[in-house]
């Protein structure tokens, strides 16, 4: 089971410049979004990554894996949930879930269509 | 008349990730291409911009203007002509012409369809 | 004088992936932001550009010009004011002002440092 | 062992707009490069992906995984080797190796520093 040390959710609206000729959010942009998720998770806990860098502390992405389940489209509002799954001395592991926010969703059924999940949890489906 | 202190042409193939949902090269990417044109014009004259930065000399884009005449598509090969039109002590002005390279063009009629030109020379058409 | 047919302001936080090796927001991203400003101005007036496209109506950027006054940095919160300055049958002109939002600004002095303005209004300063 | 159905190598020069405030190629751009590798591998075998799309055949990226070993910098010339490791009816698997091209390398020792490899072959190191 994936550990959930800390988790947070942000909303991101797909920009026109992020789509491609197929009409979908280009898969390279997922990594831009995931980075935003990490930044905002840090901020919610009182850390400022911009300040970290000014003090000479940098986070480097060492590996990444994702599975894309459905295309996101221009102007879709997505919900990105970022979870810290492991914290070590020199390494933090994150998992991400990206869903289309369903404007009509209510109550217990508020989740939209899943767009992307980490490849690492593929075996758990 | 626009002065031509120095000029150079490079070829750029439009990447899939640079297109948008309209199927065309997104207009923000023109500025990425124009920057490549400046870099290669410098390199052709024996300057290495990466080295300039390591020595603490940075070029900052202070203003820009362009006119878009036709869309470029995924996988199009474009010809970008970069021209230095003015050189001052602390400022260099460039003009750019971006054309679709016509694979069937020959001899004196080798120019493809114009994609973008600088707004500044609009009045000269 | 620039006409102000309609105007709206949005906030945009600079993403890490939008910076460049100089540590600043890359100038090509301004056009991504300006496009967001147009989209949100439309939305605020009840128009949905994504829907427009599904109905076969596309807006094409035909020309653009900007003047960059100060760099924006990673994680800066910027305020983008988008103004429709002219509306014709087949053409809409926009002007943009991009400022760094000053978190300490108060009362009548709430405006932060200007980042970019349209080149066209340069002469009016 | 990874199967090598087909393989090809292209050179890519890191653009300024692709770097980030850390001075390195942003990790989201790797996926833009990998897509270029796929396109050129297809072209080398006589297929034109742009034409495929015009005929209604689209390739969708369903999952991806990579491991980043060293940063690439602005103006570095990289060598990307793209390999088809599996071909099925509705799915093609690719592996990528991205190296910095060493301008001083000669003879049998011509390979530069490795930048990225697929996560999937991690276990084989």
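Each chain gets a letter, A, B, C and D, in the order it is written, and its residues are counted from 1.
Going forward, a contact is a pair of C-beta atoms (placed from the backbone, for glycine too) under 8 Å apart; a residue touches a chain by one contact, two chains touch by 3 or more.
Nothing here was measured: the structure is a model prediction, and the numbers come from that model.
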item: Pair sharing more residue contacts (C-beta pairs) when B-C is set against B-D; value: B-C
item: Distance-maximising chain from chain A - centres being C-alpha averages; value: B
item: Where chain B and chain D are represented by their mean Cα positions, the distance between them in whole Å; value: 26
item: Interchain centroid distance [CA atoms averaged], chain C/chain D, Å; value: 35
item: Residue list for chain A, restricted to those that touch at least two other chains; value: 16-17, 21, 28, 31-32, 35, 53, 73-74
item: Chain A partner contacts - residues on chain B that touch it in the complex; value: 16-17, 19-21, 23-24, 26, 28, 73-74
item: Footprint of chain B on chain C - complex, ascending; value: 21-22, 27-32, 35, 53, 58, 60-68, 71, 119, 122
item: Partner chain A, residues of chain C touching it in the complex; value: 15-17, 31-32, 35-36, 39, 48-50, 53, 73-75
